[in-house]
Amino acid sequence: MAVEVSYNTAELVCVSSARLLEDGKVVFAGAGLPLLAAILAQRTHAKSLTILFEGGVIGPFVEPGKLPPSTNEQRCAAHANMVLSTTDVLLLQQRGYVDYGFLGGAQIDRYGNINSSFIGDWDNPKVRLPGTGGGNDIASLVKVIVAMHHEKRRLVEKVDFVTSPGYLTGGRSRQQSGLIAGGMLKVVTHLAILGFDEEKGVMCLEGLQRGATVEEVRQNTGFELLVKKELYEAAPPTAEELKILHTLDPEQRYTSPKGD
Amino acid sequence: MAVEVSYNTAELVCVSSARLLEDGKVVFAGAGLPLLAAILAQRTHAKSLTILFEGGVIGPFVEPGKLPPSTNEQRCAAHANMVLSTTDVLLLQQRGYVDYGFLGGAQIDRYGNINSSFIGDWDNPKVRLPGTGGGNDIASLVKVIVAMHHEKRRLVEKVDFVTSPGYLTGGRSRQQSGLIAGGMLKVVTHLAILGFDEEKGVMCLEGLQRGATVEEVRQNTGFELLVKKELYEAAPPTAEELKILHTLDPEQRYTSPKGD
Amino acid sequence: MVSSYLELRAKIEQKDKGLKEKVKSLGEAAALIPDNSHVAVGGCHYSRTPMAIIWEMIRQGKKGLTISKSITATEGDLLLVAGATRHIVTSWFSAGVTWGVSRIMRHYVQSGEARYEEWSHMSLGLRYRAGAMGVPFLPSRSMLGSDVFKRLKDIKEMPCPFTGEKLALIPALNPDVAIIHVQKADPYGNAQIRGLPFMDKDIALAADTVILSAEQIIDNSDIRKAPDQTAIPFFCVDAVVEAPYGCLPHECYGIYEPDFHHMDTYVKLMMERGVDGVKEYLDRYFYGPNTFDDYLDQFSVKDILKATLQAKKSHGG
Amino acid sequence: MVSSYLELRAKIEQKDKGLKEKVKSLGEAAALIPDNSHVAVGGCHYSRTPMAIIWEMIRQGKKGLTISKSITATEGDLLLVAGATRHIVTSWFSAGVTWGVSRIMRHYVQSGEARYEEWSHMSLGLRYRAGAMGVPFLPSRSMLGSDVFKRLKDIKEMPCPFTGEKLALIPALNPDVAIIHVQKADPYGNAQIRGLPFMDKDIALAADTVILSAEQIIDNSDIRKAPDQTAIPFFCVDAVVEAPYGCLPHECYGIYEPDFHHMDTYVKLMMERGVDGVKEYLDRYFYGPNTFDDYLDQFSVKDILKATLQAKKSHGG
């Protein structure tokens, strides 16, 4: 066993979600924490994991300390295996060449629907957020991992606006809407790893981060949470994982303690 | 006036059809005589005529004596302005970037429908021909010039098979089928230049090659031909035009006396 | 609104498609953009933004434009504050993840002064692609079931006639004008794009009028040496403007990275002082200088050199 | 038949998409092609034909294949006479305009022994493209009203839900296997194509299994030097075979023109002696040699040199 190490919640989320990415698979990663986690996975257990960027990049070569702040800029393209048009890289998901989409979430509800458009009313938004970007396409077309800080205001009963579809209103509603592939896979937070009940299409607690309790998770979740009968405890980040993270992002631009 | 010059029927068709191509326009040219005519036009009155090839070429640079026997081979691509995928070059027609399609015809009927698929019955063809290639797309999407030898067996009442659509069964039938753009513009033969009556959608004699008579045209046409009230006489090929033709195609591969 | 096919065809038919020189000044080129038209912007986020053309558009006082762009960055702020547009069609709008949410975008959209028409990134790409292909829509499996879909007017769904599967029908977008920055173009408009192509090829073919700015105008014989590198064919292009560093403070692949120092300064001003701050910025950088060179002259040479060297280093050039 | 989306997705999901070496011998690669499968052939007419793979397919005695190719040339004759296929999906079939109509194609099609499924060139391209995009069809304005349309079973028309205009719906084609020849590929399958790209990018993404032959296998670091030159991404590729002169007697852009002398000789034999002549040709060039190098050894060095020099001359290389 590794010795006890210290880490902040963002680092915990990053490491936990990186571990979900299997070798030999293809992941569509957004800028920020998702990208950092995907590179961490490549440098630990998933050497032949392929990363795609929305900007049109297949298999980028990311230099430590130079993580691109946008997945649409040239640093992403240099020394990649292939660059192609934005539309075409997004279409790879529709064709089935992407195993996971990896998103940060502003607000997610019990059905896994994500809101990154606005808080408040459709016609009179309180806060206008940047928008879907490729998020809607990713959530419509492939299996999705969401990494986020676990807070009541972020895990809500019903999002104000479904920007990126999860299981919509639960049950078969996602399939009935025409979204027959993909769907929410996991939500990774600093307290827990959550999956989705296949029949009901609702979020379900599967594992706890070390030290977290079911009660604590419930208190920080804005809806009645399903809990699996047998919960596992996730192993904490190792010194090795944290060391790689710090090499990749020495200024902690993407793992500042405040979350995603 | 130029002195009298000698030329064969294929040369006559080539020169006559070249003259129809206006400067500043874009022509989609098939291999053989159409390509030869398009280059002739560029070297005479239409310096900024742009040629497209089905193989995916925009603005090729064709060396005299090296006319490509296929518009899908590398000689077409070298020193062109752009090469792109076959599908994309054909789609330029659908978008409207092509002013003329230029085809050779195996068999054409009074409505301008072309058959290059087979002679005989659908299910029991007497002669299987090579097929449509891009012909159907050209005829579906842009205005078409057809260059051919004038023979009764080639200008027929009804083609056995509509490979490339003209005005189908006449009247508004082309538009009704969904083909709302393009359509047959001219048929150039060694005897005549034929247009199409706009209302009826049927072929119509407009001009005569020097020395040809209406009677001769009728005798060599397999259907009752409309004849415009005022016919013009086309000027014969000039020495200059023929000289260019011979430079481009010194072995007369595409203007052998037997026609297209 | 999806255009009727015959109208689309008529517009292209009127264009002079000959291989002719189209080199124009920034002023002449931007004058081709009518007020109240739909302008599609090439590049994405802060990459290959046609900033020089936008600079001139704002100076010419364009009004009533609809602006579409795959991802909108700081140029969107500038167009809003300058009053050039009140309608942005995009999938994401802000300077960047690390800079936070644009206060300008929030100001205009939350107040209802401007409309943010939100499409998914791929859907906007398919809209341009349908426009480029000359079809009224493309089928897609994205956006179904989401509120993004429900908020849009010009979008439909139907069961697939072959498989019965439910499909979204993404309507074609044929912008009145496309403005695109490229690394190299010849005087006729044959353009080469290096690095990320984004949606620019489709935008160029979808638009009725195309204005290119290029880091460098090269000879047609250089284009012909590598015809498989041509990204945009000359006959859809109406104007070519030579504009070195024409994306600054944004980046141009292989030539310069963003001027991050300038970007940080701009974002700080914008986030702290909102519309007033951006008005000051426009006065200093857009309305003040007499030429685009004078605009560039306001930048720090040191920062430009750094951005240039970084780009060369990244690409081994 | 248009495949169901979930079936398509399941096939791709099963693929190992890791960045792993896939270099195989011709024999191993061709063994990935099951009898009775649909094989899409890259290149067009006599350009970039994957002749080496076809050579091996014929030697392995493949049966019941459906072959699709944008334009079919002499390789179509060979596949018919060898008994590998009785169903060709294409838009045009013959050696070339100057060589006349293939007697082999006529023999098999006129007798009813083989089926020539005729699509327009663009429509076949749209079929692959729809397959590559993961949609069941693409709308089009071509083929409507023609007998080509009427003869096809898997095609539909409908009024556009946006404009009311009548549209053809071109069904997706997702071939079981794609065989494609490229100038360069790395061991993982990242492929560079020079010159005319034809439909190859779409074919590679549309197919469930992709076999590449390459004039040269290059290092992945060479691919990464110019990622904007990669035409086919590694994760859709299942096998990479190094096959210099792998298109002969057809051509490979920038490297060799066709061996016109060989082509003339073949066509003369085929046109004069029909099936029997082609059987002799297959005996000599396909069944006789032990390796593809031995196949090439039957060609005249002088003719190969000429084809190579011509290509270099044309491209200034």
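We call the chains A, B, C and D, going by the order they appear; numbering starts again at 1 in every chain.
Just so we're on the same page, a residue touches a chain if its C-beta (ideal position, glycine included) is under 8 Å from a C-beta of that chain, and two chains touch if they have at least 3 such contacts.
Quick caveat, the model's predicted, so the values are computed rather than measured.
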Shared touching partners of chain A and chain D are C
By label order, what chains touch chain B and chain C together?
D
Centre to centre, by mean C-alpha position, how many angstrom separate chain A and chain C?
29
How many angstrom lie between the centres of chain C and chain D, each centre taken as the mean Cα position?
37
Per the C-alpha centroid definition, the whole-Å distance linking chain A and chain B comes out as 58
Chain A: which residues touch two or more other chains?
57, 77-78, 83-84, 91, 94, 180-181
Show the residues in chain D shared as contacts by 2 or more other chains, in ascending order.
5, 134-135, 140-141, 165, 167, 195-197, 225, 228
Tell me, which pairs of chains are in touch?
A-C, A-D, B-C, B-D, C-D
Per the touch rule above, chain C residues touching chain A in the complex are 44-47, 70-71, 90-94, 96-98, 101-102, 105-106, 109-110, 112, 116, 118-123, 125-126, 128-129, 140-148, 151, 157, 165-168, 195-202, 251, 253-254, 257-258, 311, 314-315
Which part of chain D faces chain C closely enough to touch in the complex?
2, 4-5, 134-141, 154, 156, 158, 160-163, 165, 167, 169, 171, 194-197, 225, 228, 316
How about chain D: which of its residues touch chain A in the complex?
5-6, 8-9, 11-13, 16-20, 132-135, 188, 190, 205, 220, 223-225, 227-228, 230, 233-236
For chain A, which residues are in contact with chain C within the complex?
31-32, 54-57, 69-70, 72-78, 83-87, 90-91, 93-94, 117, 122, 124-137, 139-141, 161-165, 168, 173-174, 177-181, 253
Can you tell me which positions in chain B touch chain C when the two form their complex?
23-26, 48-50, 57-59, 61, 77-84, 91-92, 94-97, 99, 180-181
